[in-house]
Amino acid sequence: MSGPAQLEVSDLRVQITAQHGVVRPIDGVSLEIGAGEAVGLVGESGSGKSLTLKSILGLLPPEAKVTSGRVVFNGTDLTQLSRSRLNKVRGAKIAMIFQEPMSALNPVMRVGNQIAEGPRIHLGMSRAQSVRRAVDLMRRVGIPDPERRFRAFPHEFSGGMRQRVMIAMALSCDPELILCDEPTTALDVTIQDQILRLLAELCRESGTSLMFVTHDLPVVAQVCHQVAVMYAGRIVERGTVAEVFSRPLHPYTLGLLRSAPDVDRPGQSLVPIPGSPPSLASPPPGCRFHPRCKFAEEDCKATEPPLRLVDVSRVTACLHYERCLDEIGADT
Amino acid sequence: MSVQVMLEATGVEVAFPVGTSLGARLRHQQHMLHAVDGVDLAVRKGEALALVGESGSGKSTLARAIVGIQRTSHGQIELDGKVLPARRPSADRRRIQMVFQDPYSSLNPRLTVGGILRELLRVHHVVPRHEVDSHARELLRMVGLGEDAAGALPRQFSGGQRQRVAIARAIALRPELLVADEPVSALDVSVQATILNLLQELRAELGLTLLFISHNLAVVRHLCDRVAVMYMGRIIEVAPTEELFRDPRHPYTAGLLAAIPRMTTRDEGEAPAVRGDPPSPLRLPTGCRFRSRCPLAQPVCAEQDPALVTSRADPEHSAACHFAWTAETASAPEPV
Amino acid sequence: MSTVSVAPAAAPVRPRRARWYRQPTLVAGLALLAVIASMCFAAPLLSSFNPDTQNLEEPLASIGQYGHLLGTDQEGRDTWARLLFGGQADLRVAIIAVIFPFIIGTVLGSLAGYFGGWVDVVIMRVIDIVVAFPFFVLVIALVFVLGAGEKSIYIAITAVGWVSYARITRGEITVAKRQEYVLAAQSGGLSSVRIIGRHLLPNVVTQSIVYAMSDIVQNILAIVTLSYLGLGIQPPTPDWGTMIADGQNFLTTQWQLTTIPGLAVVITGLALSLVGDGLADLLRPGTS
């Protein structure tokens, strides 16, 4: 990563006070995004990946709060900002795209107006200017006949088109960073392909950085160059996509790679990860993955392993990561 | 070894009336949505056949018609040569069973897992009365759930475990054909593997024929012997799995395969595999329904709707495109 | 055979059932109802007087006079005794009168919801006709025609009250039948009767039960009204409606003759509403 990080999340911890106790869905997450970079955050349900995105913009539900850690964006800690100052960042500097466009778009507001709203408020454009900008953006994201479709309502669009509207909204104020929360999970394969290429292209052209959350490993490979793997509220591994997917240095990542069928390697048998994700109210001691890990040793149960740099921009939280390399060696 | 056809669907159509007034309905002028629009499909004994498509393809509707929980508007379904009537007798129903996509709504929340199984065993007299209980436990054991699972309610289980219960329910009646409608799509990645492995094992152990509906081609390539691709209510290509992946003959299939995200970062600047959006099912284009998005579209595509045509060189491979067999391979198409 | 075997799943998680005694509304309502019901049904033990005994030497006694806890009415009958025994009658009739509409309404509603088609059309039109008349008007008219008395009350309330249960059940079943577990039951070759009875109804009947609580309140009001008009529970059996009617004339002197039974109706209604609310919270799907 060249230059200072644009966004730096340091040891973020979030706590939710629920009926039956205190849960820590994010328990020490650190990551960085440089300007113009696309970073993926992968994990299964319950890993805390979506919540991490929301924490960055302070979009946590009322029962959740950040207990420690910082989210530093261009030198400012977002967790310390007042609501009004945070609002100036939201939409304008950091934008977000959600998974379900039908619930993320206002059903009773015309699509064009929703796109134009951001520039009006954040960039101080006049109505006419913002309308022109919205039409331009709609064209740029590939919505046909944008002048006419400006006046349409969300329900008149297909899923893929709605997602394009969301992307247009996200781009409307020229943000520096776009957070994507599983934006293509609800879409068909061919439409997903279109949207992913669009996102990758737009970010390349405008130099916008991207943080892309998903549970689908190959999808990350289409858009991102860097990836972080999350498990039970923590990051367990980080590196480039090519490196992490070909030489994983954490047993969980290895498990994920081996349990999903790879369309290019059909003969490979699937090895599921035994057990199930831990309860976040009472996680296991030490390394959270150890109950399901076949490489687990005594020291894994004792202390929580820190993320360590073990190679050039390769970070892992496994004390015995070499065993992963041995496994892969045995495979090939 | 002869190939024995177990189930044959011929000319199956399923149409739903869409938002018409009473007056229009009386005048028989309803708008009909043809979810399945003329499908011929043969499922062979012992095979794992995939039914692949995106939303709007009609694959789930066709699956439900085959299982007998969706009425067809046209066509017929034959099981071992015998035509199945609209109201299937119990004995026929037993032979085709289904596993549904959503593990959270496919189990009755008020019945225990054991209760769900025991009811089926009793109503159909699968085993003598005094063996019902032990057989229910045996079924749970076969899907990898322990003894104490029988007394528990569905909500006490995780998604993957519920799918196992759903599979146990589906095999309880000893069906010959198991129809699985996206059985792993709602599950986490690491859990999908257990269910897929389970299906493979049971298939081998019980000699089941499997009709596997999915939009996930990676899973399909891993699990199935043959693939039928659906688009807007029609089957547009059928081939053995490897053949389909190696040499797709319909432009939609080619696009679908190219659209699959791979584990390696793609090159920049490539155009999307398939452009545009599918047409509205209520306003299908004339001729070939894929032509609005097809890179090979020609005037003939607007005039004539292509039929599913089998390759002369490879009788296992059929495609519904005017140009499926004309291009590189020098095999002239032969009408089915 | 593949070398990869299925890992046995972990033991099922223990459920967190909502404890009924943790719902404050439900507990309060049940407690209040228990107090009222036990007082009424233990009437013989709690009152030294007979509710029917007239004592024309002590008419319109004030509170506490002559040993009458709440005085007497114009015929010298002890008010406290009449309150308790009257409560017995009112509660009994109101609760029993809920059962028949519940059963008939639930059955017809299930049939309409599950089968749809002409069955649904016919049942819905009948419902529409019944619903066109206000509840009380129809009940009163029916009792008038059938002749005053307890039996007529049951018939009238059943004839009119089933429609609410039918609508609730029909609505719930129309939605629930699309759930995949119902499709699974159908593909498993289970009969419609079994599917409705064993699979659908247990999942949808909770709404009807909650409604039944407010229905009991409505029944009490109906019975009280009918008795007030002289059409309900016939003398000499006491009941709150007749007491209210009889006591009106003496509002300025012996106000307790009318207001105490009136208060009893209100408090009982409150208790039942609390139970209904508490049940609704408890049985709401997803709370566990």
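When the chains are written out, they are named A, B and C in that same order, and each has its own residue count from 1.
By our rule, contacts are C-beta pairs under 8 Å (C-beta built on N, C-alpha and C of every residue); 3 or more make two chains touch, one makes a residue touch a chain.
Not measured: the values here are computed from a predicted model.
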Centroid check, CA-based, most central chain -> B
Distance-maximising chain from chain B - centres being C-alpha averages:
C
Could you give the separation in Å between the centres of chain B and chain C, each centre being the mean of its C-alpha atoms?
50
Averaged over CA atoms, how far is the centre of chain A from the centre of chain B? Could you give it in whole Å?
32
Go ahead and note the Å separation of the Cα centroids belonging to chain A and chain C.
54
Set of chain A residues in contact with two or more other chains:
269-272, 276
Among all residues of chain B, those touching at least two other chains are 158, 160, 194, 197
What are the residues of chain C that contact at least two other chains?
2, 4, 7, 10
What residues of chain B sit close enough to touch chain C in their complex?
64, 67-69, 88, 90, 93-94, 96-98, 100-102, 105-111, 119-120, 123-124, 143-146, 148-149, 152-153, 155-158, 160-161, 164, 166, 169, 173, 194, 197-198, 200-201, 204
Chain B partner, complex, touching residues on chain C are 1-2, 4-15, 179-181, 183-190, 194, 198-199, 202-203, 288
Partner chain A, residues of chain B touching it in the complex
54-55, 158, 160, 188-194, 196-197, 215, 217-219, 221-223, 241-242, 245, 255-256, 258-266, 268-275, 277-278
Of all residues in chain A, those that touch chain B in their complex
44-45, 158-161, 188-194, 196-197, 200-201, 204, 215-219, 221-222, 224-225, 241-242, 245, 255-256, 258-264, 266, 268-273, 276
